[in-house]
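In what follows, subunit A forms one complex with subunit B and a second complex with subunit C.
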Partner chain A sequence: MLRYVIKRVLTVIPVLLGVSLLVFGFIRMIPGDVATVMLGERATPENVARVREQLGLNKPVYEQYLIFIGNALRGDLGRSVLRQEPVTQELLRRFPATIELALSAILIALLVGIPAGIVSAIRRGSVFDAASMLLALTGVSMPVFWLGLMLIFLFSVVLHLLPTGGRLGASMEFTATTNFLLLDSLLQGNFHVFFQALRHLILPAVALGSIPMAIIARMTRSAMLEVLSADYIRTAHAKGLKERAVVINHALRNAWLPVITVVGLQVGRLLSGAILTETVFSWPGIGRWLVDAIYARDFPIVQGATLFIAIIFVGVNLLVDLLYAFVDPRIKFE
Partner chain B sequence: MSTVWKKAFALLALVAIVATLAACAAPTPAAPVVQTKVVEQTKVVEKVVEKPVEKVVTATPAPKPGADAFIFGAQGEPVCLDPAIITDGISSRVTRQIFEGLVKFDKDTFNVVPQLAEKWDVSADGKTWTFTLRKGAKFHDGTEFNADAVLKNFDYWRNTKNPLHAAQEKAGQTFEYFKNQFWGFDDASIFAKIEAVDASTVRFTLKEPQGPFLNNLAMFMFVFWSPTALEKAGTNSCKQPVGTGAYKFVEWKANEQVTLEAFADYWDKPNVAKMKRVIIRNIPNNSARLLALATGEVHAMEGLEPRDVDAVKNDKRLKLLLRPANTTGYVAFNYKVKEFQDLKVRQAFAMAINKKPIIDKLYGGTGQVAWQFQPPAMWGYNKDLKDVTFDTAAAKKLLADAGFPNGISKVTFDGKEVPLDFWYMPVSRPYYPNPKDIGTAIAADWAKAGINVSLQTVDWSTYLDKRKKGELPLYMLGWTGDNGDPDNFVCYFFCLDAKDSPKPEEGFFADKEISDVLKKAAATVKQEDRAKLYQQAEKMIYDKTIRVFMGNNQPPLAFLAGVDGYIVNPTGSEYFNTVVVK
Partner chain C sequence: MRTVSPANNSDEIARVLARPPRSLWRDAWRRLIANRLARLGMAISIFFLLLAIFVPVIFPYNAKIDSDLMNQLLDPSLEHWMGTDEQGRDVMNRIAHGAQASLGVGVSAVLIAVIIGTLIGLVSGFAGKWIDLGLMFLMDILLAFPGLLLAIAVVALIGPGLRNALLAVATVSIPVYARIARSTVLSIKEQEYVTAARCVGSPSTRILFRHVFPNSLSPIIVQGTLGIAAAILEIAALGFLGLGQQPPYPEWGAMLADSVKYLTSGAWWVLLFPGLAIMLTVLGFNLLGDGVRDALDPRLRVD
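Let's look at the complex of A and B:
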């Protein structure tokens, strides 16, 4: 297994190199550059040429790439062209916000999606099954953007229950250390901030979790249905086992595999979904930061953030592959 | 070792490898982050177990949102808070509260009035300007505002050998506006000499008279830093602004908000900030921002969608203010299109558009029809001009006279015959709040007169890039004035360079007569004389139908009904010190 792990980790390197090359190339291939965006309506050829020169965009592209890769290996992703901030530092500062949101979303998706899928499978054809699958279908089809605005409208404007966006109220004074607000507030024993941070987290997490929740529910249901019709389930029943034991110990354990695959894939979806969710809910994470940077053609941020997301994505997929071995003893990594 | 334990061990090893990998690709602090997380999680448990009850009791109650603060919902994130460097409205909204210049725009007009200068004199030849400075004005760091501070700031902006100026340029920062408004740096700039006559008198000697000089000085970027603070901040000036304004800088949380606090020692006692704090929140989505206003999470907002204007008007809890128009949206012809070189064709394009319903319906009720470049509030506006009458039949006839009895759908662009593309912008701008719908409506009007265009767009950066290179045959764009001076509107587009070469970024426009009038106006100091020249230029542009001007927009701002004292200024540079939230 260890050999497998090492092999997998080594294959990650060309993947990341490929990603960096693609991102680096694509962002330079699209027309328009940071100087043009900075100047807006004022972008005359002379202005643009001067600003380009000042921003150091005149070096040959291959040279820029080699500099980028060399620095990236040392953990330096360069500086934002527009704001002159070190990308690595900014990335790490914003990342906790995105992780907090993504983890909450996947948690909600799992806590709701899996039980809903199991119950739907057991009571196949019941009203609950029909209702939850309809809801799941709605969940998959709904644009996150629209859902977000509807949630704000209902829970903030009409019911006055939850805030419309941001991570904390505008007037809250709180010094975060790790920037995981829930963690920080607990560490500092500031339960008021914890509670506020939680209130701000609910709507974006639900919006972001809606699609994974729906997919997980459907996947769990179909995986369970397949397993439930298997011979060993009939045998388990025949042995006189309780329904609960049959479902949890025999059926669910065998249904895990496809569910885990889906959850792993959803992580990628969460990161891309975060871009929209973070915009609607004014959430200061890397998704929104990346989009702003793409529009502004701020190359270093786009390269750095994409590479970072790629690392996470590859890492999660690797974890999922290895989890298979735990869940299904038949799988061996040789 | 059982298989389960083997697997557990392998998994742990994997986690360690992934963490190391992250540490290699990401910066050095990555690895410690992973470790501390674990430690901190343990701590959480400890703390909660130790004394949870006590903590709940002693936890500071949060101040009621907005109890003492004015919270403004902005459309995006400031780029930088050093006014000398920035060019965007979102950053300048913040720096306006912190910094002040010699002069400023008065209330809701383009009129220039004293700010840190008490008064000024200009010599008869328009080249020597002497400013008497206000005594007793203090910077937020406690240092005195005086002639020396003025000189040091001008040196920072103008002198490329000034260590900080050089360091900023090296770090990729540019002094864009100083170069634009004052012709360049060092000896290229318009200044022959800048000197302190005494501690409270500054004299500028210009190489040539500059018409818009005072208006330029009133712009948001020519405001003064505390020299001590600037030196301390160095190339970190974007994050540590220190001026003389009614509010001083407290904190900038990236992608969240900027917090300012009333400055107790503000020199202008009657105008000391009314609210204790100002918070400018970044809420990028227009609808979400309006929802935040509806719930009272922000007190005011910009970037209202045209479709939401009526809803705000009809909501008793909210109110609407319109900023006087300082914007003009136009349709520009590319003169490399052979057909557009014919005046009759251009006139036909202008005449075939029914502007009124477009402006009324697609500007959310905040627009007004335009037929010249400057908005009506500007003193260079030509009151004698009247808009061409909308007349589809007459447009058809003009096209027939020009040799297109069957209308136009293909054109010769740069020597090649191509379908006529009409480009609309992909983003909403103040002058075109709804570019796609407006573009579609224009195209529909044209179709009735036999002009068949195909609508095109592309992302904003590419759009600007194509426009800059003169690749758009027919396109929508517009302008928002910088300094309330007609020069900044008309000359910026229609003044040619020394060789009178066609400007690609203006559709290869190259009319020397218009350019000469505008250049003359720019070098004249007396406002009455200048006004006549700009009016003459507007008439020439109108007669030649150089462009089709569509509308001026009065950008709407929405407030909670309890917000008073917000004074809208056409330049968009508004001060928050008069604002009260009830």
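Let's look at the complex of A and C:
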């Protein structure tokens, strides 16, 4: 087991090196002079020279990469060209917002998707089964940004129930420590802020969670269906166990594996979806920051944020793989 | 396993021989059209494909002069079934003309990705050794990015626009097909008919394209159909972010981006209909893809 873990962790290193090379290459592959592209045609020669200097574009390429990777390893991803803020610092400041959104989304997806899948499998062919699977099918086919806009239209514009975007109303005075607003407000005992933060979180979390929810529901259903026809389930029924015990202790326990895999596979979708959801809901996370930086042609931010998200993605996939091996003793550690 | 007693063995053989020959593809087609949801998916997909192909031919559209500022944001009516947008343009007309951008580009992106990805996978699986290692390493790097992020990065690099969005979406999906083609090749390589071909002295390229490639097609077709659905969503997402189709040309994602400004004014039709078009098209290809999967490999069928 330990050998498998070490081996699996080691495979990540060349991939991350490749990722860093690709991300580094991005800026260098831009046609034309990067500094001019960033600052626009009307930039003064001094400014162009300053940006070239800041990005180290005057040095040989291999030296530029060594500097880039050396700095990145020390957690320095350069500075924004426009606002001169350090990219790493800004990333870390915005990261909790993205995590809060993504975690809430996956939580909603699990809380609704798994029970819906289980009930669909047990009552296969029922109206509930048909309805929830139809819903799941339309759920996976919906663009997440459209769902977000529709939710805003319905719950904010028409019904005036929830805010249209942001994490807290502009008038709220609140100093966050960890920048996980729900956590901070609870720790400080500020329930008014907690409630407001929750109200802002609901719509984006539902929008972002909808597709994973649909996929998890379908996967849980099919995994449960497969398990429910197994011999040991019939045995469990035959020895007089209650339906509940059969489903939870025997069926669900063995249906977990595909469900965990599918949850793991949602990480990429969540990160991609977060870019769109944050844009729709003006959510001050990494995704929206990245999109804004692309509009502004602020390439150090694009480079830093892309690298950061890719590292998170690779890291979570690694964790899921390890978890998978840990949960299923049948997997051979070769 | 079923055992056949010698007594009726010849009967059995005679019966099998008497049956009209059925190819794998004809069998799969029969299973596909027997599946109700797959038929629905096929109908939806074909409807939008026809829209994308024929609308620009039959009803030429000049996006540059199509604005009627006297008729901004009109409610849906008999004259404008889906209302008009902020420039007085008929929403239904723009959805019909947007099909070419959204769907056409999605399909093209998948075609490009399938061709390049399959080639990479075939070569990788067939050549083995360091060629395999190197190519798969490249694919792993591309897979280390969440799909949309990589597409956004590519567009940020080569500039916004529909053609670049197509390239970006194609790039993102190449590793998926490469991976599938490679793993199929690896399993087919060990089959006896490949060994036989090698024994009679067929050159490698002939074995690759005559024996390995046709037999590795079905997982790629399945993934390709489902991939069209994903590609349409990605093209729409890029359009929504302003990185795909540029104004004034219509594209469903970009139309949704335009509708954001009128969200609070209650103009629901500019929001609802382009999104519905995306959802229906994607649903169509998803249903079709699920059906194709069940038809080509009945063992994979869930229920």
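Here is the rule we go by: the second predicted complex is superposed on the first by the 290 of 334 C-alpha atoms of A that agree within 3 Å, B and C clash if a C-alpha of one lies under 4 Å from a C-alpha of the other, contacts with A are read in each partner's own complex, and residues count from 1 in each chain.
Here is the rule we go by: a contact is a pair of C-beta atoms (placed from the backbone, for glycine too) under 8 Å apart; a residue touches a chain by one contact, two chains touch by 3 or more.
Nothing here was measured: the structure is a model prediction, and the numbers come from that model.
Asker: Looking at the overlay, what does A:10 touch: subunit B (first), subunit C (second), both, or neither?
Answerer: neither
Asker: Going by the contact rule set out at the top, does A:152 touch subunit B (first), subunit C (second), both, or neither?
Answerer: both
Asker: Mind working out whether A:275 is in touch with subunit B, subunit C, both or neither, as first, second, both or neither?
Answerer: Touch partner of A:275: subunit C, not subunit B.
Asker: Who does A:30 touch here: subunit B (first), subunit C (second), both, or neither?
Answerer: Both partners, subunit B and subunit C.
Asker: After the superposition on A, what does A:186 contact: first (subunit B), second (subunit C), both or neither?
Answerer: Touch partner of A:186: subunit B, not subunit C.
Asker: Any idea whether subunit B or subunit C touches more of subunit A?
Answerer: Of subunit B and subunit C, the partner in contact with more residues of subunit A is B.
Asker: Looking at A:93, would you say it contacts subunit B, subunit C, both, or neither? Reply first, second, both or neither.
Answerer: It touches subunit B, and subunit C stays clear.
Asker: Quick one: is A:290 in contact with subunit B, with subunit C, with both, or with neither? Answer first, second, both or neither.
Answerer: Second partner only, subunit C.
Asker: If you lay the two complexes on top of each other, which residues of subunit A touch subunit B in one and subunit C in the other?
Answerer: Looking at subunit A, the two contact sets intersect at 16, 30-31, 149, 152-153, 157, 164, 279-280, 295.
Asker: For subunit A, which residues count as touching subunit B in their complex?
Answerer: Touch list, subunit A to subunit B: 1-2, 5-6, 9, 12, 16, 30-33, 36-45, 47-48, 50-51, 54-56, 72-73, 75-77, 79, 81-84, 88-94, 148-149, 152-153, 156-157, 160, 163-167, 169-172, 178, 183, 186-187, 189-193, 196, 279-282, 284-285, 288-289, 292, 295-297, 307-308, 311, 315, 318-319, 322, 325-326, 329.
Asker: Okay, in this complex, where on subunit B does subunit A touch?
Answerer: 3, 6-7, 10-11, 13-14, 17-18, 21-30, 33, 36-37, 40-41, 43-44, 47-48, 51-52, 55-56, 59-67, 69, 71, 76-77, 79-80, 87, 169, 171-174, 176, 180, 235, 238, 253-257, 277, 279, 281-285, 287-288, 291-292, 294-295, 297-298, 429, 459-469, 477-480, 503-505
Asker: In their complex, what parts of subunit A are in touch with subunit C?
Answerer: Answer in residue numbers: 14-16, 18-19, 22-23, 26, 29-31, 124, 137-138, 140-143, 145-146, 149-150, 152-153, 157-158, 164, 222, 225-226, 267-269, 271-273, 275-276, 279-280, 290-291, 294-295, 302, 306, 309-310, 313-314.
Asker: Could you list, by residue number, the parts of subunit C that touch subunit A in their complex?
Answerer: 137-138, 140-141, 144-149, 152-153, 155-158, 229, 233, 236-237, 240-243, 253, 256, 259-260, 263-264, 266, 268, 271-272, 274-275, 278-280, 282-283, 286-287, 302-303
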